[in-house]
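Below: a set of structures, written as structure tokens.
Shared chain: subunit A. Partners: subunit B in the first complex, subunit C in the second.
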Partner chain A sequence: MPRLFITPREINFINDIAKEVIKDVIGQKIYLFQISEFKSKVHDVYEESQDKVFDTPIELDCLVKYSGQQVVTDRFGSEKVFTIEVYIQARDLLDKGIEILEGDFISYGSVFYEITKAPSTDIIMGQIEHERFITISGRQSRKDLFLSKVFGPTSETYTDDDAVQETFVQQRGFKNNKLGATGDVRDLQKNGVLDTPITGPKEVSSKGDSTNVGSSFYDDE
Partner chain B sequence: MANFENTSSPTPFGIYDSETEFISDADNIVTFVKRKLGDDILSVELTKKQIWGNFEEATLEYSSILNQYQAKSQLVNFLGYATGSMSGSEEKYIRENLEFLGRFAEPYAMEAGIGGSYNTLSGSIQLEIGRQDYDIYTELSGANGGLFDNTRGKIRIDEVFHYNPQAAYRFFDTTSAINYLNNEFSFESFTPETVFYILPVYEDILRGGQLDMSNRVRRSNFSYKISGNNFRIYPIPTTESKLFLRIRQYPDPLSPSYQDNTIHGVSNMSNLPFGNVKYNRINSIGRQWIRSYTLAISMEQLGYIRGKFGSIPIPNSDVSLNSSDMISNGRTDRDSLKEKLREMLDSMTYDKLMEVQSARSELIQKQLKYIPIPNGKAITIG
Partner chain C sequence: MTKKSIPQKRVLIKNFDGDNVPDDFELPSIGLEDIDRAVFNLFDKELQFEISSKGEVRSVPVIFSTGERFALTRRKKPLRDKNNANILPLISIVRQGIDTSPGQSGKGTAISFRAQPNYTIKRRLSDKDRSFQNLINKQGLKNQDNVKAKNNFVDVANELIAKEGHTTSRRKNTGYAFSPGAQINLKPQIDTNIYEIIQVPYPYFVALKYDITFWCQYMTQGNEMIEYLLTKLQVPGAEFSVKTDGGYELVIFMGESISFNNNFDSMSDDDRIIKYNFDMTVPGYILNTKTPGLPTQTRSFISAPFIDFTYNQVNSPVKVDYQPETNKETVTRHVLSDITNINELTVQRGEANEEIERFVNNPFANEGESEFLRIKNTNSRTGESIVSSRVVKKIDSQFE
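Let's turn to the complex of A and B:
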């Protein structure tokens, strides 16, 4: 697309729309566990770290392509393994100052995945300086390799408080929402092109359901 | 957050920016439009200035349509009047006049020689013995020589007359002026040719016309005929005398015989001195129309914004925005609002109101006929 028509303002518009779709409508998220190079002890000879230490996990809004459990059979028997593909908006990572590397871990549901690939996948409207998203490919990590608290939602079969996500809160460019800091930036708002929404982020929760048997849209200020 | 009052140039034309009620409604209209378009849940990519611009446009549109219909009702009374600063006559319930009719009747009056806006000219032709044909365009002259502007085209002869008749005579008949005078002064018994009729008043009026006709047709020995630019006199003159002609030329419509500034006054809808209707004077009916229209054009505008791209790239996919729906619905709403307003105003032009009142009167009469009235208690008419 010609730069005559696609200016930085259009790029911001596109990114904001993408953020809106991912953060305010779809609401999928993963938790990223980045390896701390400073805290992990590296083997003197192999220059590998057997016991990796991770920074505090970061919640990331994303689109997830869930592949389900696959069964791999070889001469030693069968092995059940999960793989995953996650798409994260490049601008959102940039706003949050996050760089995802191979070897980092993510969790989605109750499963932890080791990131095998995290390439930048596309650019916006042919403009090389504007990355569109990165695609994270992950493979289920071995259970003894990674130990962490599991963050929900996980499964209806569990009884943990956060096993089922009953509340979804939008971000809409606000620094904080009801759940805490969002880290969300909408560039059109930030640059003063658009005003902030006339009302704050909305939520879907049990508060919106008068029968108290599920969750629905909740609009009381 | 910026509001209307502390925003510089909030609207494109700034026509209503100082009206207090417009200012307060402008802030509310942002919430109205954004909420109607779903901003509570998902972003509406419209700036406040865009919405304020639409608000102003809606008000101007309302004002324009209203003025158009006011013009339909009132234009005839404003024709010719000063345009002034092109405003100040809007929203007025004016007094009617018949200047328009009078102006259109003027040419007929002029043809009949009883009025009009243009002077007739008088000149004379010097008759020569034995010569019948005279060129009106070269030989007709006024007291100081030239009589008319040759560049102004064809001339029309209204009257031809002369002094010093060859011979004059008048014969008495039952309708002669002498007879009439005798009647007036009770001399009727002394007039030998009188027949004693008792006549109605209109006979006197007819007599006036008859006398005038008699003077014109029968008084002179001469007659004439116009042929091209020649004036031919009958019979062939036997003496040298002057023939007087009263003529006129087809007039310059921009230059009548008197100073007429109305020529440069209001001539059609475009220079009617109708300014914008004041927002503070628009009632609740109009304001609701303006809100709805603002919403419709904002919706259309949002459609254009979202329609800049066929689809928006998001990670690993694309989303199509509802641009075409926005444009289509906005346009439909906008057109529908205008149509309804026009229909409503169509039924309220002064002509229509007169029709309605007339029909209403007839209906009332009709209803009254069916009301039983006790004998002798009332009188019904019609």
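Let's turn to the complex of A and C:
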């Protein structure tokens, strides 16, 4: 697509639309655990660490292509392994100053995955300086490889408070929403092309359900 | 009557049981990791390959190809550029198989391959030796309070009771008086001493093979690295001598050929590959490893400075039963006795392995039976005094 028609403003628009879909509509998220090479005691020859120390986990909005468990049978018997593919918007990572590398870990649900691949996957409208998204491929990590506190939502089968997500709050370019800091940046708002939404982030919660049957979209203030 | 079990031939260390670990002696360990590290350090620290690139000389990174993903992508000395592609040239080391056969990949072993029962690594004077030397007074010191000297007895004539604050002994060897044969000089008189003998399990020999790859961007870089390597080789054996961090010396043998891999005839879809590849063999050993599950491997033993030849007088025939004890006999030996440990009835210190045959007459019939009795003797030195028909009388003791 020629640069005549796709200006930086269009690029911002495309990125903002993608953020809106992912953050304000879809609401999927993973937690990123970046291994600290300074805090982890890494073997100087084998370059491995049995006690990995990770930086503070980061919640990332994304699209998740969930793969069911695969059963692998070999000389040790059968084992079930999860794999995952996650798509993360490149501009969102840039706004938050995050670089995802192979060897980091993510959690989705109660499963931890080691990132085996994190390539830059696409660019926007053929403009090399504007990455569209990266695709993370992960493989379930074994218990001895990585272990951390599990962040919800995990599964209905668990009784933890955060096992089932009952509240979903939009971000809509606000620095903070009801759940805390968002880190969300909408370029069109930032550049003054669009105004900040007057009604603020909306939410899906029990607040919007007068029948007490379950959460629903709460729109009317 | 029961038979005694014949004590097995004792080796000093049997399966390294016991808790006689030396207090103040630490033997460095060597294991597979130490050998890997020695090979890695050879390339990374000792040889330190350098290449010229764009008018600059820079060092060539070395990687041991085992790293976890996070460690490789977040290496402190980066191997990759901003796009996460490898920066060439690189040296990679991959450990191949482990040869545990006597052949040791054709390199053999310096000492016997077959494991010996024990392996003595140090013999030194025991910390008990100082007290012992005071007791035997080898120099024949006469007027010193803390050594064996006649003047240190209260009753000098009968050699009874040491004076308060003094040390003395009734040992009949040397040193009751300053004799012409006694020597006081700076020569180490290391003869009658208590030695501490420190042993470890015999080393387990392994020969490790490594695959070394030089991955270069340009032919000129590859040439420089190969020339540097061959120049640094210690002729005539085409080998490198290295030391582990623990101080164990290893010899790294280089393979006989260096293979050259490239894809010059089919690189339509791939990048240009220049790789030099060769093997290295390291005959090594595993010794005193600190692997979890293994106890501390060093063991300490104390030598006996005297061998006691004692002449005993007995009034019955002495028999030695060489028949091994059966399992049934082992059990029945404990019947109708107080609770005893199974080792309690084995030959202890102060007991002999022989038995005395004694005929016991039955007063109610004109018959009797022979019984075999274990010999017990008196040992005034350890305070034991046993009164029994089996006690034999000591005629004399001779120490050698």
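Descriptive notes on the structure:
Heads up, the rule we're going with is that the second predicted complex is superposed on the first by the 219 of 221 C-alpha atoms of A that agree within 3 Å, B and C clash if a C-alpha of one lies under 4 Å from a C-alpha of the other, contacts with A are read in each partner's own complex, and residues count from 1 in each chain.
Simple rule for what comes next: contacts are C-beta pairs under 8 Å (C-beta built on N, C-alpha and C of every residue); 3 or more make two chains touch, one makes a residue touch a chain.
Predicted, not measured: the structure shown is a model, and the values here were computed from it.
Annotation: superposed three-chain arrangement on subunit A; subunit B versus subunit C shows no clash, the two fitting side by side. In the superposed model, A:V193 lies in contact with subunit B only, and not with subunit C.
Shared-chain residue A:E47: touches subunit C; no touch with subunit B. Contacts of A:T121 after superposition: subunit B is touched, whereas subunit C is not reached. When the two structures are aligned on the shared chain, A:E37 is found in touch with subunit C, with no touch to subunit B. In the superposed model, A:D104 lies in contact with subunit C only, and not with subunit B.
In the superposed model, A:F13 lies in contact with subunit B only, and not with subunit C. Judged by the touch definition given at the top, the superposed model places A:R132 against subunit B, while subunit C stays out of reach.
Set side by side, subunit B and subunit C differ in how many residues of subunit A they touch, and the one touching more is B. This overlay, made by fitting chain A, leaves subunit B and subunit C with a least C-alpha separation of 20 Å.
Shared contact residues of subunit A with subunit B and subunit C: none. Here subunit A touches subunit C in the complex through residues 35, 37, 40, 42, 45-49, 52, 101-104, 114-116, going by the rule given at the top. Contacts from subunit C toward subunit A in the complex involve residues 33, 36-37, 40, 63-64, 66-76, 84. Residue ranges of subunit A in contact with subunit B, taken from their complex: 5, 10, 13-14, 16-18, 20-22, 24-25, 62-63, 65, 87-89, 121-122, 124-125, 132-133, 135, 170, 172, 186, 188, 193-199, 202, 219. Taken in their complex, subunit B has these residues touching subunit A: 1-2, 30-31, 34-35, 39-43, 45-48, 308-309, 312-317, 319, 321.
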